[in-house]
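In the two assemblies presented below, chain A is common to both, partnered first by chain B and then by chain C.
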Partner chain A sequence: MIASPVFVVARQVMKEAGRRRTLPVLVLFGCAVILSSAFLSFFQLGVEVKFFKDVAITVIFLFGTVATLILVTTQLSGEIESRTIYNILSKPIRRWELVTGKFTGTILAIALAVAPMVAILVFFIYTDRGGSMLEAVKAAYLLWLAFAVLSAIALGIASFSSSVVTGALTVLVLVVSYLKAAVTTYLALVTQSPVVNSLGQAMYYLLPNFENFNTRTAVVHDRIVPWAYLGRTSLYALALAAFFLYLGVQIFEEREF
Partner chain B sequence: MLAHAARFRTALALAALLACVAGTQILVDQYRPIVNDEADVPFTVAAVVVRSFLGQVRGLLADFLWLRVDEYQHRRRIVGGDLLRSDDEALMPLVRLITWLNPHFVEAYALGGQWLAFHFARPNEAIAFYEEGIHNNPRQYDLIYGAAWVYWAFLHQNETALAAAQRAATAAEDDLSHFRALWLQAHIYMSMGNRAAALQTFREVGRIPGYERTSSVLIQRLLGPHGGELHQ
Partner chain C sequence: MPAVISVENLTKRYRNPHGADKAALNGLTLDVPAGEIYGFLGPNGAGKTTMIKLLIGLIAPTAGGGTILGAPLGSVDARRRLGFLPESPYFYEYMRGEELLDYYGRLFALPVGLRRERVHSLLKLVGLWESRRLGVRKYSRGMLQRLGLAQALINDPELVILDEPAGGLDPIGRREMRDILLQLRDRGKTVFLSSHILAEVETVCDRIAILHRGHLMAVGRIGDLLAESREMELTVHGINGHLSARLAGIPGVTVRHGTDATVVVLPEQRLVYEVIDLVRQTGGQVVSLGAKRERLEDLFVKLVGQTTEGQP
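Let's look at the complex of A and B:
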């Protein structure tokens, strides 16, 4: 049976992720932070539970983001810099298959990386911390969607830049996605100009919005995240990932090696 | 010519995908307030900037700041026979920052309101802080009860205090909280000169399981020779 080139590349990315040791070390560190937060004690009852969930979700987000950045920046840009790309492209594989394979491998590796941290969160919720395990899993799924979008953005950027620039620009996109709330609020306050406000609105709708994947408040305060929200956010992530991957593939196709 | 057509096709596909991004964002926005009601909180520009810069880390930072606040309030140092006021003054900015980062941090609102009223003698600011907390967390007993206390004991606005105490009684989730709200309610009635309503409220205390004896003691004190004590 001949495997699809996309899956061959994806499998290779996952193997590489394990071989490099960076990802396993990050996962171990993340798990250690979450575990240690589970044993912190406070003066007020009830604060521990909130604190634990807050720490766990933020650690998953932070470590997942770092892992995604490390994985993606070493993929496409790394292949170009180390010139192994010539070797790969000499094989019967199309460029879109290579980019898609890298993306698939990255998001699968990230899913495996965050799984132990999510398992610890769910375990402590089950044993003595309280709250809904399902809501914690939903929050983890949304974070994974955020990592998938981040991977697509990084791959899109990697198609035309070096690994350092890819890392820096991806972080910039992430920061801008959070800052745009401040910018739109500021614009609405300081100007009455409909043109400027329309620009602010356009920025809000067109730039990636990582806040959509943040359901920390719901999990910490034991609220239910509707399934419809998960569905809509999944569609949003799909649209964003498709946009950046398509852009990346188009630029990559144009490059000469 | 073919290259131009291909470029046009690519641009068209990218525009279509971007339209999908905007469209799905609209779909997500319809559900966003259910998932994260912080979207409806009227933050100041400074708060929005701080929150935006910190992104998803803000909740965690609020928790870590609370650790510091917790330490300040429980380990208050005494210098020269009096409490070290610099610790107290360091506490309020931290509390303010916590509520910016997490407007559902009820403990921070409760503590901030209490300290503004009792330690800094700023009841009006305490009420503003409590009311902000109540706006962001409408059913939180601690905040409603704290506000009722400040309205009654510091601002002497008995009508408003009574309304708040009654809301606190309905928001109470345990018997002790229910008792405390009724106790405050009765004392507000007495401040208004309505002993009958105070008596009725103390009788209501007796309906809380385990508070029958407390109720009769309170009624005795109200009706007996020492009833005047309750006005103080």
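Let's look at the complex of A and C:
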């Protein structure tokens, strides 16, 4: 079978994710934490289900975020720093195909990485802990969308910077995205400058609202996340990922090696 | 014969941090004919790697342009039909040699059967068959260079661009590399070879271009560039100090003493008999006599040296 260069690169990213020990170790550690919380919560009558679901989803979010950052920051910039980019770009692959392949491989690898943690969560909900398995899967799916957006942002940054700078800037974007409401409110309070406030507003609308992907509270309290919300959030993630990837590709197309 | 690489007025300028403009390549016009081994020479910083990067599309020209196999420089169509070995190639260390070649084969969209066959034959060609399942991180410098050559040939390219292919290879590896290049030429492939090793280039290349500070200094067939001069060269045994002094006294004659023999270079043929008589009279022995032929190294030093002199 002849595959498109995008899938050839994606396959290589997934292979790399499996071969480098960091990701498997993170997955094992995440699974261990979720399993521990399952057994610990067993002894806390009344609160065990909520506690377990709360911990499991938080662990999936934290470990998924760390795994995404580790995997994605070493992709494009790592390729440039280790000079393997010369061999790749001398082959019949377009630069946008390389960036898209890296993105596809990263989000598939992250899906595979969080799958065991999600499986443990669903298994314990199914056996004797109560709650909706479907809602847990929906929550995991939304978190995966957040990881996809984060990957696109990191690849966008990696198109013009080194691995270290990519890692640092991506973390900064993630933190500022979570705090953006507070930051814009604070800016409005401390300065009367229309320029600064406009910049704050621009940042507010440009940066993703990662809270949209967090349905932990709904899962913990057995509330249903509507399918319409899932659809809207999926489109939101798609638009954000496409926007940041587009920016990254445009910069990467012009970059010289 | 059609040109495989054809560039016209190819220029690449870089701006340094102080804002000054520096030309890494200055209006280069060059045609590389098909089916030849083309040597691309120049000292460090001459612009050789810049030229190769422009050909591959890793950088864009400031001015000028050209074609590779009829397709624009750096285009996907051009890259589909060429193979490239970068200087000191780097690979994914987590992959095995065989796996890495398979990956590059996939990027060329080679069907699985052909890909497997190509990977196996190339691993055997470059002498890495026994190490095919070894992780690339365990490969020596020479093995990486061999793997680099194998990946450059994975698509059976019409044009092979090699940047310092003998780097890191031992004498046997260099000989094998030379044999592979000659085999490629025999199969009608074109090889564009950038190298510092002048003896290597002189042995395998049909045609050369010499680059210095971004300018083309000489281009042509090696035989034409290294023209035989009117100078004659005698190798003499048993020369004594008296004879040496007498020879050195003849205008234009140079005497170089080696460990076993002395080489006497005569400016004109008419001096040959006179010098032979002198050698015989003093008990010396003429071992060989021939027209002095310029070596590539002489030409290189002459051309590069000329422009270096007088420059800051």
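Heads up, the rule we're going with is that the second predicted complex is superposed on the first by the 230 of 257 C-alpha atoms of A that agree within 3 Å, B and C clash if a C-alpha of one lies under 4 Å from a C-alpha of the other, contacts with A are read in each partner's own complex, and residues count from 1 in each chain.
Here, a contact is a pair of C-beta atoms (placed from the backbone, for glycine too) under 8 Å apart; a residue touches a chain by one contact, two chains touch by 3 or more.
Because the structure is predicted, anything quoted here is derived from the model rather than measured.
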Comparison of chain B and chain C by chain A residues contacted: B
Chain B versus chain C as contact partner of A:R19, first or second or both or neither: second
Chain B versus chain C as contact partner of A:L172, first or second or both or neither: neither
Touching partner for A:L28 - first (chain B), second (chain C), both, neither: neither
Contact residues of chain A, present in both the chain B and the chain C interface: none
Residue ranges of chain A in contact with chain B within the complex: 42-44, 47, 50-51, 54-55, 57-58, 61-62, 174-175, 178-182, 185-186, 189, 204-206, 208-212, 214-218, 220-221, 223, 225-226, 228-229, 232-233, 235-236, 238-240, 242-243, 246-247, 250
Touch list for chain A against partner chain C, complex: 1-3, 5, 8, 11-12, 15-16, 19-20, 82-84, 86-94, 256-257
Chain B residues within the chain A interface of the complex: 10, 13-14, 17-18, 20-28, 30-32, 34-38, 43, 45, 48-49, 51-57, 59-60, 62-63, 66-67, 70, 74, 102, 104, 107
Residues of chain C defined as touching chain A within the complex: 53, 56-60, 76-77, 79-80, 82, 84, 86, 88-92, 94-95, 103-104, 106-112, 148, 151
